[in-house]
Amino acid sequence: MTDRARALTLQQVDFAYPGEAPILQDASLSLAQGDFHCLVGRSGCGKTTLLKIAAGLLRPTAGCVRIGDTILDGPSRQIGFVFQTPSLLDWRSVLDNVLLPISLHRSVTATDRARAMDLLALVGIDAHAQRYPCQMSGGQQSRVSLARALVTEPPFLLMDEPFAAVDAITREDLQNDLLRLTRAQGTTVLFVTHDIAEAVYLASHVSVMQSGRITRSLAIDVPERASGDSRYHPQAIRQCEEIKAALAPALGTVTP
Amino acid sequence: MTDRARALTLQQVDFAYPGEAPILQDASLSLAQGDFHCLVGRSGCGKTTLLKIAAGLLRPTAGCVRIGDTILDGPSRQIGFVFQTPSLLDWRSVLDNVLLPISLHRSVTATDRARAMDLLALVGIDAHAQRYPCQMSGGQQSRVSLARALVTEPPFLLMDEPFAAVDAITREDLQNDLLRLTRAQGTTVLFVTHDIAEAVYLASHVSVMQSGRITRSLAIDVPERASGDSRYHPQAIRQCEEIKAALAPALGTVTP
Amino acid sequence: QDLDKVTIAGWSKPISEITNILAEPDKGFFKAHGIELGYVPGTGGGSAITNMLSGAADVAFTDPASLYQALDQGEDLVAIYNIYPQNVFNVVAPVGRGIETAADLKGKTIGVYSLNSGTRQNLLFLLHQVGLTEQDVTIQVTGLLNFGPVIQGQVDATAATDTGLYIGRLNGLGEVNVINVADSLNVPTDVFVVTRAYYEANKPILRRFLQAYRDSAQWMIDNPQEAAKIAVTRSINGRDEAVNLGIIELRNLSAQSETTRTKGLGHFDVDVLQDGADAFLAQGLISSALDMRRVVVTDLIPE
Amino acid sequence: MTAARLASIGLFLGLGLIWEIWVTISGVSSLLVPAPSAVLAVLWQGLTDGFLWPHIRVTFAETLLGFALGSIIGFAFGVLLSEVDVLRRVLWPYILASQVVPKLALGPIFIVWFGFGLTSIVIITALICFFPLLENTVTGLRSAPADQRDLFRMLGASRLQTLLRLKIPAGLPVILAGVRVSVVLAIVGAVVGEFISGGQGLGASIIAAQGMMDTTLMFALFIVITVMGMLFYQLTILAERWLLRRRQTGDEI
Amino acid sequence: MTAARLASIGLFLGLGLIWEIWVTISGVSSLLVPAPSAVLAVLWQGLTDGFLWPHIRVTFAETLLGFALGSIIGFAFGVLLSEVDVLRRVLWPYILASQVVPKLALGPIFIVWFGFGLTSIVIITALICFFPLLENTVTGLRSAPADQRDLFRMLGASRLQTLLRLKIPAGLPVILAGVRVSVVLAIVGAVVGEFISGGQGLGASIIAAQGMMDTTLMFALFIVITVMGMLFYQLTILAERWLLRRRQTGDEI
């Protein structure tokens, strides 16, 4: 697959549910191959909607989504999606849930199984592989859904607040693992988070959404990225402040 | 209600699902009236389980829970609970969902309705009061469930990561609102969060859980609490570090 | 004047062949004798008796076979009027199947309406007269549209009634041989049956009832055209007046016999009824000998 | 929508035509299979000369009353048996007996208990149609997710409230599937009831027509019954749509 | 559990006793209501002298085959109609017709088409029992939550895979409620089928007993049929428990 083919572009996307006010307006995003693009924005501003459009799950009312040069007109298997809710199948074990994306397209081999177990180990729940989702804690469930998205090594990853339900330490580990994996595979990532520090730590670009529009886009340039310390780099803290400021003047409905 | 009656105590609570390894072991907590007690711990360590036991939803295999001097032997209406998932009723409007705790016990008055609308305004979704849960974003749903727990002004509040799905700014607003309300009403709060800064900002006490045990308990003593700036007070940052350190040596299964 | 209520438990729904009963609102035969007539539909002669026993009706319009069975089960019943002294049942086989007499039925497959229908009971009478039993033939349930399987060759012959044959012929049943049960053992088709207790307690009413019934039967014999017309509105199956007439004429024939011509409508030949009971006993269809002389009471039949 | 309706009507006409042609060329006896043209003619006549209407009215009333009674019984027992486990264990053999024992053979007993006419038929109808609703109610009431049940426990909801405000609304789609089956069985029940003890109505007329070997009329009656079934079914669909108007359905996919 | 079973047996004995006493003192005709003691005696005799067994075998086989056929039809059509919306719109009148048209009246036509004996009865049974499963399948397949459907779309699951791996498992509890109703209706179907065309079996025996006005034997046959119904029902419950063993149920609350 060429680099060009692994680019993801949203061109002036509008979206509205039939008979309702528009949710997205003129939203454009452009991710080059290997970009780790974070999307931040206040709750309800349209991040999940944007992600679903980028995935082909929703059809924009105007504008279009391109994968490489082709216009996306439905969900594509090239895209891995981590939903905001874990969306696990109750009647399948954790391991089988992780293997689902594979088992839908070919029979599962021992290698797949080993790989799934590795991913479960990565997210810290390999001990629970034979359990069922209803026996897992909230954070454990969301980690299973993360492993499921990673198991096919898709060239694109769309992630909707994947770490919202896990603790600070696990979160840092997962961030590092995710960075390592996506860099190794050259994955193009669009990542929604409410944690600005997380965005700045992970992203090559951060976009700020407000009421359905993308109002700000920053390239992140914190040095010595790979080390955990880069989180506390002054440049990182400065960029956090900048994003926070960009978020603040939202047409907020929150009355303090 | 006397102050004493509004204390919440867990005495050496053990819990295990039948035929499984213990999930809680010898967990003790003591909340005086008006305490804002935060519980932090890694994902899967047993926080939700502890909260459900404190609420009377699960019965401890050993030990007991007391409200004031009486042993809790089932869910009590004195306790408001914010679940880790929003748990809204699909077939009721947002407003009706918020009014549910009232409508179960008496007919809803105009005052109740006004109060529910105020709470919805507080959490920033009064404009959506007549919508249905499936039309709301993830963060909006969790805010509805927050409003629902507050509407009866219960003397006890158990909250399971209530702000996990909302953005940083909304979150700060909600933290301040929650502090204001619980202080005004003298509410006793047990609050689970993964955000250590949040714990330190909100809590009078923070307990650290590890693999089903409470391994550390700190009183928080950051000065000039009411101001938003206290978040960045050096003492606050110090206590954050302390908690983080206490969390770190967990019997982690996360392989970095 | 107060009317006495008498309800008939019929063996069928209100069909055109009992137009003399259904015509009551138009003709008032029963009202004229101080009787308010009721009718409850049934699903066979057995149900007529059980409906009567259940108290839903006073008089059962039923067949001798059902009467035998009920007597055998220990019910104390009396037969008070011979509605159709002529047996109307038959066995029908297309010409060319080699079935011309009852004896030819041996080894054949014969259709009946259902296992509790008159076609089956009367087929058994017929077989008994030529020394055959149920085991010598194959009895096949075919439902009311019994000529279909005969035409299609799924059964060799089918047991039917005179009216069934009549309608079959109207619908293009080809050339057939007909073996009439009446020719070997002319067991009556239907009789009025009441419990002995009711009989003892209500003789005057029953007498008037039978008087009225006989009037209605006589009217239908005398005025088949008028009856056929009334059947169009009063019966549930009488949309076609011409067909009604054919059916009514067949019923009028079956209501009359040698005995009724000499003694009057409704009179019995007790011996035939006794022969029928004996045939049932011989075939093991009932378990004890019945004395029909005790069961048939004639004192209420109008002269 | 219109395409589907068109296809439906087209199929109906097409089948009718094939059937008509087959009847004509095969020369099959009208004792077995009537010609569709003759059936429609009889149907038209029956509707215009008013002969069919009283029967339609009777069967309609029986179906409606029987369904009303049956659905109340089915729903109430469904609720009762799923709330009171002991009751389920004790009563299920009797409920099964009520279903498998043939109503046709029970006729006389119904008459002893309920007399002749409407009451008996309504009760037979109810007896035939209550079971699907019962089973679906039992299953539907189980479908509320665990977290919502926990919520209601926390809110101190009484058992009745949990039932009315949570379990029934959550189970409504399943319960309504039971209603759809029950309403269809109610028509079957009314017809069977008329076989047993009716002197009037579409079921009684079918038996009468069969006795006259009038297959043409019988098929005309089948059409009437089917249209009545479609009417009742369509009404439940409309009611369902209204009751579930706020739910997400799987239809988008 | 044991308490409930005890109560169940106690209720049975109690009802039997009351009935026996009532029959004795009221002197009601045994043609209408037989004494339970007599019924049990006939039942016992029928079982020991072997008279009942061939009939039980026949009806059992018909029920089993009819249910197998009917549940395949019901499930397959349920899937088809809920996947292909046009089919639903086009076919539902015919499906309704198949339900409301009385099988008893259709009997002769079945015989013309399928001949006497097993085939006809199995088809009648299937026709009577497929509908609840169809309706519940249609409803069950709608019950997968929107997020899981989105997941399957994202994973590029084919329609068939979404059906097999998501919709059917998610709808299983509802589908199985349909199976419970269908299995009971299968017995009804076999009995009704025997009314129409059977020479053997429990249904045929009931009609024969009715013809002999042997109400006692009829009730003994009712008991046999009910026990057979309980057996089939219990088997589906066991199958259900096994199939749903991994699901959370509402039973804790």
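As written, the chain order gives the labels A, B, C, D and E, with residue 1 at the start of each chain.
Here is the rule we go by: contacts are C-beta pairs under 8 Å (C-beta built on N, C-alpha and C of every residue); 3 or more make two chains touch, one makes a residue touch a chain.
Please read all numbers here as calculations on a predicted model, not as lab measurements.
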At minimum, the number of touching-chain hops separating chain B from chain C is 2
Minimal path length between chain A and chain D through chains that touch?
2
If you tally the C-beta contacts for C-D and for A-E, which one comes out higher?
C-D
So, what's the distance in Å between the C-alpha centres of chain E and chain B?
51
Just how far, in Å, is the C-alpha centre of chain C from the one of chain A?
85
CA centroids of chain A and chain B: separation to the nearest Å works out as 27
Going by the contact rule already set, what residues in chain E reach two or more other chains?
31-32, 108-109, 112, 146, 153, 195, 207, 210, 248
Residues of chain B that touch two or more other chains sit at 85, 134
Contacts with two or more other chains, residues of chain C listed in rising order
50, 54, 143-145, 148, 152
Chains touch one another in the pairs A-B, A-E, B-D, C-D, C-E, D-E
In the complex formed with chain C, which residues of chain E make contact?
29-32, 107-109, 111-112, 115-116, 195-199, 204, 207-208, 210-215
The residues of chain C that touch chain D in their complex are 12-15, 39-41, 43, 47, 50-51, 54-56, 143-145, 147-148, 151-152, 164, 167-168, 171-173, 235-237, 239, 243
Which stretch or stretches of chain E touch chain A in the complex?
145, 147-148, 150-157, 161, 165-166, 169, 172, 246-248
Contacts from chain E onto chain D in the complex sit at residues 1, 3-5, 7-8, 11-12, 31-33, 85-86, 89-90, 92-93, 96-97, 99-102, 104-105, 108-109, 112, 131-132, 135-136, 138-139, 141-144, 146, 149, 153, 162, 167, 173-174, 176-178, 180-181, 184-185, 187-188, 191-192, 195, 203, 206-207, 210, 218, 222, 225-226, 228-230, 233, 248-253
For the complex, give me every residue of chain B touching chain D.
52, 55, 57, 74-77, 79-81, 83, 85, 87, 89-91, 100-101, 104-105, 132, 134
